[in-house]
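Chain nomenclature is as follows: A, B, C, D, E and F, assigned in order of appearance, with residue numbering initiated at 1 for each chain independently.
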Amino acid sequence: MRDLINDIFVSNFDNPILSQLEDQASFELSNLLQYGDRLAFTTDSYVIDPLFFPGGNIGTLAVNGTINDLAVSGAKPLYLTCSVILEEGLSISNLRKVAQSMQVAAQNAGVQIVTGDTKVVDKGTADKLFINTAGIGVIPTGINISAHNIQPGDVVIVNGELGNHGTAILIARGELALETNIESDCQPLHSLVEKILRVCPQVRAMRDATRGGLATVLNEFAVSSDVGIVIQEQSLPIQKKVRGVCEILGLDPLYLANEGKLLVTVPQDYAEKVILEMQSHPAGRDSCIIGHVTNSHPGIVLLKTIFGSERIVDMLVGSQLPRIC
Amino acid sequence: MRDLINDIFVSNFDNPILSQLEDQASFELSNLLQYGDRLAFTTDSYVIDPLFFPGGNIGTLAVNGTINDLAVSGAKPLYLTCSVILEEGLSISNLRKVAQSMQVAAQNAGVQIVTGDTKVVDKGTADKLFINTAGIGVIPTGINISAHNIQPGDVVIVNGELGNHGTAILIARGELALETNIESDCQPLHSLVEKILRVCPQVRAMRDATRGGLATVLNEFAVSSDVGIVIQEQSLPIQKKVRGVCEILGLDPLYLANEGKLLVTVPQDYAEKVILEMQSHPAGRDSCIIGHVTNSHPGIVLLKTIFGSERIVDMLVGSQLPRIC
Amino acid sequence: MKYIDEFREPQKAKALIQEITKLSDSYPLKIMEICGGHTHSIFKYGIGGILPHNIELIHGPGCPVCVIPKGRLDDAIYISQQPNVILATFGDPIRVPSSTVSLLQAKANGSDIRIVYSPLDSLKIAKDNPDKQVVFFVLGFETTGPSTAFTILQAATENIRNFSVFSNHVLVIPALQFLLKNPDFKIDGFIGPGHVSIVIGTKPYEFITQKYHKPIVISGFEPLDILQSIWMLIRQLAESRCEVENQYNRLVKPEGNKVSLKVMHQVFEVREKFEWRGLGEICNSGLKIRPEYAQFDAEVKFNLPNAKVADYKTCKCGEILKGVLKPWECKVFGTACTPENPIGACMVSSEGACAAYYKYGHFAKNFPKNTVEKSIVTA
Amino acid sequence: MKYIDEFREPQKAKALIQEITKLSDSYPLKIMEICGGHTHSIFKYGIGGILPHNIELIHGPGCPVCVIPKGRLDDAIYISQQPNVILATFGDPIRVPSSTVSLLQAKANGSDIRIVYSPLDSLKIAKDNPDKQVVFFVLGFETTGPSTAFTILQAATENIRNFSVFSNHVLVIPALQFLLKNPDFKIDGFIGPGHVSIVIGTKPYEFITQKYHKPIVISGFEPLDILQSIWMLIRQLAESRCEVENQYNRLVKPEGNKVSLKVMHQVFEVREKFEWRGLGEICNSGLKIRPEYAQFDAEVKFNLPNAKVADYKTCKCGEILKGVLKPWECKVFGTACTPENPIGACMVSSEGACAAYYKYGHFAKNFPKNTVEKSIVTA
Amino acid sequence: MCLGVPGRITEIIDPNKKLAIVDVSGVKRQVNIACIVDDQNPPESCVGNWVLIHVGFAMNRIDEREAAETLKLLEEIIIAQGTMSNYE
Amino acid sequence: MCLGVPGRITEIIDPNKKLAIVDVSGVKRQVNIACIVDDQNPPESCVGNWVLIHVGFAMNRIDEREAAETLKLLEEIIIAQGTMSNYE
């Protein structure tokens, strides 16, 4: 066990804080103060099946997902934890690949994995590998992003194609026997956020559209700020193959999961500048305005369909299932 | 799902930071600075079977365990995350009980659960409920506790009976058909640590003796500081029933898990003061000196047996199994 | 996407609306779309909102998930709880409550329930799990019947002994006859089910025009299809015609699909009667596996409880399906009855009238949360 | 704890050491404790370290986990991999490598392997799982034989058809005969196995004194028991006596336990030969289930591979068990061979001589980490 | 009821079992084409056909001509409306 | 080999199946006492007996007298040694 931890995690995540191997990581508060005035703290567990999929694996998800939950507060992500629950019988080489991916993802994002935990459970009492990461970042002084801050007149921007992750996973699972080469959009968004904040420190709300997709985040926005949101169907960037999968299975791409997409609302005056700035970043090349905020129908998200009608985009009940009827 | 989260977690953990329901909790760094100069950051996943046992449940473990990993650095524990992985079919009333226990434990310890995550996995792909908590605390200025700081001449102190948690779990599982009323020692240790540091800011090393027990922590101490440690069998506080279980199953109590026990090494001059202070705290009533640090046999832990012989207390290979031969 | 995007074009939609508006100016019209697929499209594309106010769309009984009676779901759950059984089914029915739990809850309690996209996928599960009994729990109209029939024939050819089908196939025509016979039933015309008609053709609808003197237009499922069909229907009304027209002629032929009809009749026979949730028993409205294929019939293989379970008294589904009431006129709509915890047929699938109103209508937000407590965690 | 604490008293230990030291001053003595339980106690209580240096303790072959040959473990793993089988066993053997994987790894790969405390617990598992075949994989000496025999008799009485035993029971006396016959074998006296002797009594050891002229003292397992036995043995040597003495007379009677012997002989018969890891084949050294109870015999129920697997050539277990070599004189001790990845018999259980030296000896820390790579995660 | 999606048959993978591959917007799936083959239309002849797929079966061929006519009709309405609005 | 632990029989729970409860230092477990009962020693007579337990079976009664004698002998050695050292 100790060997496993050393071999797989300590060696891959190697950094001076982790290598102390204390029960906790520690670092100077004064170092944190240089980045801002508030600490951001978040956690997520990752339970994806399959562990490996086009565009990433559970490890890249676990690092980027938590980075993104920090980033959308405007925080500079700094330190992560890594807790794994291993099912007996898990292949050690797969575990090593995951750990290596985590380290690569962390390094790319400039964060350190500073402490962790490893549990092994009986065969049949976990699904191969679960990862939890918690993360700490520092929010720059003056930045105040919250789902409660949205105001009528704001515009809603997304940084690119929707539904790639959810679709890639559905296909990778193989159960529905669909074949196509859609890749997960798994990517860290903190440097994109940094760019956005540089041109628009007045960002109102920002959230990564993961599980539950775009529709869920927009509903959270509408309810939290008690505003109405109207999005344009024709503006939604959805790639052809994702549409194909949705048509075949009767799924709505608005609810599909993403792992590298954020929704940001900014005051209208900043929209153009923000879009241009976003498009200059690799994770934001396909950024576009998808809607705006209104004071009619507070708490409700409306979709203007392509031919001019509108409908409510509600929260999802349960998870989305393939339909036949 | 959203209802479940609100009903079970948000309502129980209710506090102003959590109730923002952002993707991350945030708080002022300036507030942290009042407690010290370094941040402590830790995580653990809890995978216990059964979920409920005499003396606690997975929720109390998840809160106290992470508090203790912060506390043993000298930190004041402040904020926790709570990530749960739920197996389909888990009883919601049990989940609610666990969440309530977590809130009670957090409140008792003066910490707040400020952010979390909930995942549901298919029946048969998790064991009812896994909890991960990550925690943040602040280490007071001037305190420097580390397994690397131990020096020959130091004494080793434990705050009470060993092996109660491991034994309680073994019995609660029911597989070995043993009957007795041993309770887990699950408890938070931060206020005990605070007392210790008040009389002895020079504490060298401190660690909670959880999985792997006393033997594992002492070996970590010996290796990290490259010192020898000698413990006295006759000083080890082990209750009669725990000894009984160990005799029946051929287990060594030195390796049994605890969830409310810490090992602390202090300079010899402070030992008496520390012991007295510890004994005045409910979690330290049975505190005693169990050994001392030497510069002979660095990296090795020796046990002086009751009748004067000695043996090496090594790291455990794998987990301890009942023996018959 | 070919054959999709062209039928969603906004310009053409506007033109159709203009025509419809022109023609319908003076009429207060009630048009029933029979098929749940149409209901789904109507809400998804907000068609109700762009039609003139005098046109009211009534959402018919054509959602197989909505109309499956509780007793049949109880049977499906019973099957899933037998030892060594894998129950395969489409995604749609798994959240529908039976008189005890939903399939989703049964799964959470340990039943092995798999979601498949095709009946053939369930047969593959049987081949992959020779030590299990695999039961395909199927619901669907005539559209899906041939696929199930082909699958049973293939199981017979390959002699797969651990596979059976729990058939809940229902038929559209008997349901329409049932509705039309009812004196309360006041509809000006029908949008006919496009995919069912691929199989059965357009002729079986002639009794509607001949006996009941209502016009009907068989329609595709894209928004332009539906608008065009409404327009064609109104034109019939305006011109005092009463015909079976076919808007969906890119796929529907008058005679239907002979291969599909043949295989369906080879494997299935018509039940004397079958219960529809919200409507009650309807003569000749269900399909049963023929005795020749009894070894693939779960109703033969398993000793099913087969209990009748009454619909809730408060539920107004029957009236809603007949166009007599609107969902919000039901007392429990959005309160005790929600998509998460549906009480009646119309709330159980997103194609049900009540569910569609709840999800896409403007009423959703004004109702208090459903407080029915679940006792276990489900996905 | 009564009958435990009194036998761990330091004052009495000191007194015994003083007596032993007095008597053994002039002798360089080699004493073999036959039983692994004694080896365990000796290391656990650091007895080696408090004895005078001229007394050398040789750790005998009396650990059933150490001496089980790889081929038999392969068979146990084979059984565990059969469909619908639960393999129950004691905690001790589950980390021991077979020629492929350990039981722990087989479990990680999906075998259903349960750790039990008593053979009766494995019978209970069979009753609780009527749709599974439950196999109790048992190893042990005469001490454990009666318990297994009683369990089989109870299974017969209750007519439990899904229960069987994979017997790897071995016998002490033939192993001692085997060792004593060997001309290399130079031991001054024996500490006799206390718990085995509860069953077999003291008489079977008389050939040691009569034919081989070595003294033996049957001993208990508490540290004072062992010290007293050593003292008694040295006294025999000093007084040139050569007897079977009984230190453990609070439990061991000369005639053994008649009920236990009877039931063991009712259920088991002696195998012509049985392989011991590190020693090779030994005549009449194993117990096999009698044909009358064949339905409870896993060797009859399952078609076992039954392959012979040679011990590693580098392994010096044979020499170590004979007292010719010490563990650290084996080339791979602590490097390729560690408790985590044992190569030879003496490293596999904590009662094996090599494992005990590795764990409790002063040598553990001086060896590089074992680099044998496991391919899967185990608990 | 009865979700259907148009797709193009790209390949026959088992003429006896009547299995083909269809392409829907770049996504491929195996479907059964038993409903659309007969003596006049053997499996091989189906490659390139557009079909409507429901639960893994091709229900019917899509009649390209009819589809075009439907759309043409709508175009004509637009033109007619345009003409009319010119008059208005 | 053969871990054994002394315990006291506190209760007979099934005389036919020869099942009893033993107490080891406050921990109770069901054990089989078949090896220690016979006509002279029926199950009921075993309550209060100290026995050695191995894999859930009582192997033998512990002979209190012999145990005491063993310990007495050791006491005597101590006394003898003490006496001798007085002489030294």
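In this section, a contact is a pair of C-beta atoms (placed from the backbone, for glycine too) under 8 Å apart; a residue touches a chain by one contact, two chains touch by 3 or more.
What you see is a predicted model; the values in this text were computed from it and never measured.
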- Item | Shortest chain-hopping distance from subunit C out to subunit F | 2
- Where the centre means the average of the CA atoms, what chain is farthest from subunit E? F
- Centroid comparison with subunit A (C-alpha atoms), farthest chain: F
- Message: Taking the mean of the CA coordinates per chain, how far is subunit B from subunit D in Å?
- Response: 37
- Task: Provide the C-alpha centroid distance between subunit E and subunit F, rounded to the nearest whole angstrom.
- Result: 87
- Per the centroid of Cα atoms for each chain, what is the distance between subunit A and subunit F, given in Å? 65
- Task: Hunt down the residues of subunit E that sit against at least two other chains at once, touch-wise.
- Result: 1-3, 5, 24-25, 54-55
- Note on the structure: Multi-chain touching residues of subunit A, meaning two or more other chains, are 121-122, 124, 176-177, 240, 243-244, 247-248, 318-319, 323-325
- Note on the structure: Flagged in subunit D as touching 2+ other chains are 1, 4, 11-12, 36-37, 63-64, 90, 117, 121, 140, 144, 340, 351, 378-379
- Task: By the touch definition up top, name every chain pair that qualifies.
- Result: A-B, A-C, A-D, A-E, B-C, B-D, B-F, C-E, D-F
- Flag every residue of subunit A that touches subunit E in the complex, lowest number first. 176-180, 240-241, 243-245, 247-248, 250, 323-325
- subunit F-facing residues of subunit D, complex: 1-4, 6-7, 11-12, 15-16, 18-19, 35-37, 62-64, 90, 117-121, 140-141, 143-144, 146-147, 150, 154, 193-196, 198-199, 221, 224, 228, 247, 249-253, 257, 259-260, 263, 351
- subunit A to subunit C touching residues, read off their complex: 175-177, 240, 243-244, 247-249, 252, 297, 299-300, 303, 305-312, 314, 317-319, 321-325
- Message: Using the touch definition from the top, list the residues of subunit A that touch subunit D in their complex.
- Response: 3-4, 86-93, 95, 120-124
- subunit A touches which residues of subunit E in the complex? 1-3, 5, 7, 24-30, 53-55
